[in-house]
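In this document, chain identifiers A, B, C, D and E correspond to the written order of the chains, with residue numbering beginning at 1 in each.
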Amino acid sequence: MQVNEKKGEFKPTIVAFCCNWCSYAGADLAGTSRLSYPANVKIIRVPCSCRVNPMFILRAFQRGADGVILCGCHPGDCHYSTGNYYARRRMTMLFSMLDYLGIDRKRTRVEWVSAAEGTKFAAVMNDFAQTITELGENVKLGDLRCKE
Amino acid sequence: MQRVAEMMLERAKALLADGTVNRVVGWEMGEFFYDLTPAVFTADGLDKFVYNGFSGANLSKYMIKECAKDGKALVFLKPCDTYSFNQLINEHRVDREKVYIIGVECRGMIDIRKIRDMGIKGVTAIREEGEELIIDTIYGEKKCARKDALLEKCLCCKGQEFVVYDELLTTGEAFTVGGNNRFAKVAELEAMTPGERFAFWRNELSKCIRCNACRNVCPACSCLQCVFDNPKSGIASKANADDFEENMFHIIRAFHVAGRCTDCGECSRVCPQGIPLHLLNRKFIKDVNEFYGEFQAGADNTTKYPLTNFTKEDVEPSIVTNRGGEN
Amino acid sequence: MQRIGVFVCWCGSNIAATVDVAAVAEAMKNEPGVVYTTDYQYMCSEGGQSRIKQAIKDYNLTGIVVCSCSPRMHEATFRKTAVAAGLNPYMVEIANIREHCSWIHKDKEEATEKAVILARTAVAKLMLNAPLTSGTSPVIKRALVIGGGIAGIQTALDIADAGYEVDIVEKRPTIGGRMAQLDKTFPTLDCAACILTPKMVDAASNEKITLYTYSEVESVKGFVGNFSAKIRKKARFVDATKCTGCAVCTEKCPSRKAKNEFNMGLNNRGAIYIPFAQAIPNVATIDPEYCIHAKTGKCGICQKNCSAGAIDFDQKDEIIEREYGAIVMATGFQPIKLDNFEEFGYAQYPDVVTSLEFERLMNAAGPTKGTLLRPSDLSHPKTLVFVQCVGSRCSADAKDGKPYCSKICCMYTAKHAMLVREKYPDTDVHVFYIDVRTPGKNFDEFQRRAVEQYGVDYIKGMVGKVTKKGDKLMVQGSDLLNNEQITIAADMVILATAIEPDPSAKQIASLLTASIDTNNWMTEAHAKLRPVESPTAGVFLSGVCQGPKDVPETVAQASAAASKVIGLLSKDHMVTNPCVAQSNELLCNGCTTCEKVCPYGAIEYKDKPIVGPGVPRGTIRRVAEVNPAICQGCGACTVACPSGAMDLKGFTNRQIMAEVDAICK
Amino acid sequence: MHDTNKDMAEQVIRMSGVNPRKCMKCGKCSGTCPAYDEMEYHPHQFVAMVEKGRIEELMASKSLYKCLSCFACVERCPRNVEPAKLVEAVRLLVIRQQGKNYLKAEDLPALLDEKIPQQALVSAMRKYSK
Amino acid sequence: MLKLSLNRVGDLFAKIAEAQALYLPVEKAGQVDYDKWTADAKVSMDHLNTAKSAKDLFFPQVERMVDFKMEGKNIEIKPHALSDEKFVLFGVRACDMKSMEVLDKVFLAEPVDSFYAARRMNGTVVTMACSEPEESCFCNVFGVDAAEPAGDVVTWKVDGELYWKALTEKGEALTEQIKALMEDGDEAKVEESKAAVREIMGKLPLANLNLAPFQPEKLNEMFNSPKWAKLSEACLGCGTCTFVCPTCQCYDIRDYDTGHGIQRFRCWDSCMYSDFTMMAHGTNRPDQMQRFRQRFMHKLIYFPSNNDGMYSCVGCGRCVSKCPISMNIAKVIKALGEDKDE
């Protein structure tokens, strides 16, 4: 979380995991098309959405992320055939567990973004950033030590 | 139960005598009536062998260690324990050939904590008389209904089916155990507001002392070295330094056993802080059942576990994030 | 400790206009491990690259971070630069400050702040990078084609033309496959045998091609470039080197009970037989199930009549073991069984036939020598009813039939109707159809010709039932356009039967750990971009085994598969992607969870001696081993592994967490 | 589509458990129907009309009672659409609307013909009363 | 001796909490543990032993020791301040009070553990005599009198009254703070209750555990006993016994990278853990039998050898009731104390 002193408004920290073949390329296309989305979205490139361990998502929240989004190829289009199907199950289960623990369920999201969907990528990031900004700072799943 | 216990002892002696097995894994009598310890017996130690309402411990996980030894071991498994054993077979953690399994009838196991929670102190002996427990204490004799003192896992008994065994010891008498809906409490939590759920779990998980009893007793937690113990994993931690680590440990643990947990209930049974850890595992089981179809880990040796499987039509994670109600 | 250099690119004004590149370079000076930072107009230019190379040498850098455009653009460029300066190519990380930063943000302060974080993230990851070396594995320059139909033949011919050895394994006694059974081919109506048999001869005579007919693949081990297969060459009880194919034995054989498979069982053949006149190899085969000698030890008529002395009752199955660099599946198809569609009366009435049977009835080499006679009484049928979509396009939960469109039926039905009308103008030909699907070059024109020129009666509707009345087949169906139910008294009914993968495909796919879909069609590595490759590296798909196709499509795909094989075999070594999964044997508990999610079958479990701190001497454990030649580096296994034993090189757990930490700092 | 018709269509779909959208309009149901010639609306039209929401027309049509409930269409439909179940559902709708069965058990003796086989009686009851 | 009606303990707690923090047994999610008193805390006056022991207040599970702050490439070392919270710990039982003697031997001996010393100095302990011992209690075996605990103040709960007696200067000071709420109490009633409790203590099933064989000179014999193998066979290697034990005092020191710097903290460790005292070469106790043996040898032989015969077990019985496999020190004492190997 960074509070922009100048403007005094809440600027959430958002981590976006993007698979190399579709979503990262989709993000590139958003860039090439000059489609803007908030600067507090930072992308981590992973080979496939199935590389994303629930541990990474918890880690992001621990370190102060306010929202985490995972983007992969559309189901059926995975570069590795089946990776996003596993990712889909894993994330569904993880998100459900976080919700069960009473942690804001809208702080996590999965979106399928193809390499051709630059527009979708930007729209998704804008929407997600908006949602997280409205939710405010992540307090339920952070590590106080990292905020000192 | 007494009759089954006698039959068990007889079979153990016979199998040791004829050389089928060279040791017996069972429960050993303790200082009091209720403090049984899992133990490995040879012929001359069998006088301490006992099977009664406090033989709750699931002996399946011990078989990992036993399979590394020479010769064949006899193990007594209750119906629900056989699911754990089967799952261990699926994960290649035990060698079926080195274990002789006798499935034993179980009428539900007693939770000494529940008896204490009734305010009964100084328990020195407990007798089962039909559906009633007669409890001797330092402060005189007390009574309670057997069903009020059953372990949580027994209230939601999986039934009397054994999914893996070499032979069975049952009395053939009809009886019923459990019958509670195991997802009732999960559903109750789901129906709460996120704020209430958060408060509930903070209250529970903040009690955690990270003694690792839940993990070490869990038949699904059979890693050689747990990620939380491995300094190279990047997430090692020995104590819960703050709220986050309390959550983290239990979320990751539940996730690692998701789809593999047979719901044997050992985690909650052993927790010294009385945290209802089974409610985390059951949430995953309930989700799996609802999202991907009914699944019981350990029920067979062929079905892929839910998290190593998929269908093209699986639900999207948005089924969670778009749930109604307040966030 | 790493010595990291950070190179911030302006990309002209593409980055520099929005990001304060100097400030980014300055900020990076404070990052742990960073010993040198600079910025330059175009890092990818020769000037930029030589600066990088110089800095690597001057500052003894162990790794570099380039803050520039997307790694999808220039990662390869900068890796080469690093190599040229003596660094390992995997000691390069790219911070994407163009597509993911300067191009999408307007506020310079904001964009600069983000660029700093992205650079810091790349540094944090690089701190944990380790040099990676691409493995190599030798490529065995020989291909195996499973299936000797037109697909297999074409693939083999193309591979052989490129100069590589190819083996074709065909389970039947001859190559030729389904196409050999066809009479004419649409839309040109040239005779199938005329265009196929020369190819069969080519295949047989090509010195690079070895045919194993009457043979089956029994087991396959290994991986791309390095397969090893066991082929069972079944005993023919005929010495193929001696047999001249004179066919005297096939006529003398007293056993006449065996159904003639080539004629779809419409007539019988001898126990010793040659499937058809142009069979390759043109060698007789004894079917031990019907051979009187094999059953009783008596008879031996064929032996007595064989002037070449080729009959060898003592012949045994032979196992051939060979190594291959690539394997092509060309297992083809068969028509589905129609026994459960009792409404069409296929099992009851001999005059209700499948289209493939009809091909044989029309064929000059068929049981009726090309005169169309109906099977029941060998009379000339006057009224013929064709029914399309029999067993195709059924709902997935239907008890019988297939959910897909079999693709070829519309066209061959039009062909049949047209041929009948042309040969026998006195016939009435009706076709019941749901839709007529004719996408393909000259296809629709062809079907229109059947209607307009040959007067074939196309009825929009489906047949409800076929019953028998006297010697007529009463075909009751709906005519939806006229909104009436009609009954046609027909002499013959021809069912355009759905096709399904040859049953051997499923078993062979599992030998190859290649995946199949719910209908047992082979799955492609990518439905659009890699349609002739299976997800299992080194296994390629040719022809109908991948999905319904007509002849030209099959041939096209066969050649495509061949070109993929040639591409593979032209390499002496396979360079393997070093960013592959790796299992830490000290941590692996052998649970096999990773194996279950690996889409490539790259993980094997092996008993291995384990040496490490705290591990008793002589410990042997069953642990996961990743074959780096097969692994594609998706990482599915790393998440499935609960003990953290499985990690992905280049994208390790620690690296990704370091990135997370750097972003959230 | 008229709203009441739409509601009714949904009701028919719910009651029958049939999804008319699965129909690929091959006409096999009508091709197999033994009562085809007696009908104003044929089985395939039934499916199409439910899909389009033309329930009132179906309810008014005598076709409803020409269907023998032989279930040949259900048996043979390649898409598992089960047209006969739609017919049954529409009949039920009619019964609910008029508040009584088309045929009551009490009426039977008067209509009884000795030559009617038992099976036909049972089938008639299934058709005309719910 | 002072007394106060048990109905009014709320006032007493409020009064104490005015001047300093008050920790006492509080029920949370069905479990009673020491926690900070608040007006709406569910104080448990009847619970015999808290799940975790009183040591937590002086030797918490996690204690921050030093911070390393990183500015650019500079590192600044900032020792973490010692706790200066003045507090009263109320409701400590005799066994837990005894455990502080054990801990003092470890932490207050030179070199003094400043974190522990600070908390000890800042804390005033109000003990409470037991009235209804459990079957798992065996404090008497270690010379503890459940009816007459030590502490800065000792209290008894008799017939609806809380009896209060200061034992130390700290105790006197605390008594001054709350004196206004109290009236004079009758010693005789307390004596009566003490006698009753002592009688029960003598009759408890574990009252007659024999410690005689556990002498320093028996070290080798005990260490080499073949019985350890059997006793430790089912041990899960969890840390339950050590973490609920009032005398276990081993800790590990760990660093946590917050992204801005390092926090060095110590946290409880357990000799039952496979990575306990993991050295560069590996662990020095590779199997569970050795780890198990260490724990009991330490409590019954090594510690008394170095501390004038003081055992580092106080018989609180927590391990007896909490061990997941019901293996505990009482069983060990019995098994090893027997004359012959079975």
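Simple rule for what comes next: a contact is a pair of C-beta atoms (placed from the backbone, for glycine too) under 8 Å apart; a residue touches a chain by one contact, two chains touch by 3 or more.
Bear in mind that the values here come from a model prediction, so they are computed numbers and not experimental data.
Go through the assembly and pull out the chains touching subunit A as well as subunit C.
In this structure, the chains that contact subunit C and also subunit A are B, E.
Would you mind checking the shortest number of contact hops between subunit C and subunit E?
1
Measuring between mean CA coordinates, which chain is farthest from subunit A?
Farthest chain from subunit A, going by C-alpha centroids: D.
Sort the other chains by how far their Cα centres are from that of subunit B and give me the top one.
Relative to subunit B, the chain whose C-alpha centre sits farthest away is D.
If you tally the C-beta contacts for B-C and for C-D, which one comes out higher?
C-D
Subunit B to subunit D: how many Å between their CA centres?
55
From the C-alpha centre of subunit B to that of subunit E, how far is it in Å?
The mean C-alpha positions of subunit B and subunit E differ by 30 Å.
Could you state the distance in Å from the CA-based centre of subunit D to that of subunit E?
Inter-chain centre distance comes to 80 Å.
As a quick test, compute the distance in whole Å between the mean CA positions of subunit A and subunit E.
46
List, in ascending order, every residue of subunit D touching at least 2 other chains.
Counting only residues that touch two or more other chains, subunit D contributes none.
Multi-chain contacts only, two chains or more: what residues does subunit A have there?
Each of 54-55, 59, 63-64, 76, 82, 86, 90, 143, 145-146 in subunit A touches at least two other chains.
Considering subunit C alone, which of its residues make contact with at least two other chains?
Counting only residues that touch two or more other chains, subunit C contributes 597, 640, 653, 657, 661, 664-665.
Taking the top-of-page definition of touch, could you list the pairs of chains it picks out?
A-B, A-C, A-E, B-C, B-E, C-D, C-E
Could you list, by residue number, the parts of subunit C that touch subunit B in their complex?
That would be residues 586-593, 596-597, 605, 622, 640, 642-644, 653-654, 657 of subunit C.
Under the stated contact criterion, what part of subunit A meets subunit C in this complex?
13, 15, 20, 24-25, 27-28, 30-32, 34-37, 39-40, 42-48, 50-56, 59-60, 63-65, 76-77, 79-83, 86, 90, 122, 146
Quick one: in the complex, what on subunit D touches subunit C?
For subunit D paired with subunit C, touching residues are 22, 24-33, 36-37, 42, 44-45, 72, 76-81.
For subunit E, which residues are in contact with subunit C within the complex?
Residue positions touching the partner: 70, 72-73, 257, 259-260, 281-283, 286.
Can you name the residues of subunit B that touch subunit A in the complex?
186, 189-190, 192, 194-201, 227, 235, 241-245, 247-248, 251-252, 254-255, 258, 280, 283-284, 287-288, 291-292, 306-312, 314-321, 323, 327
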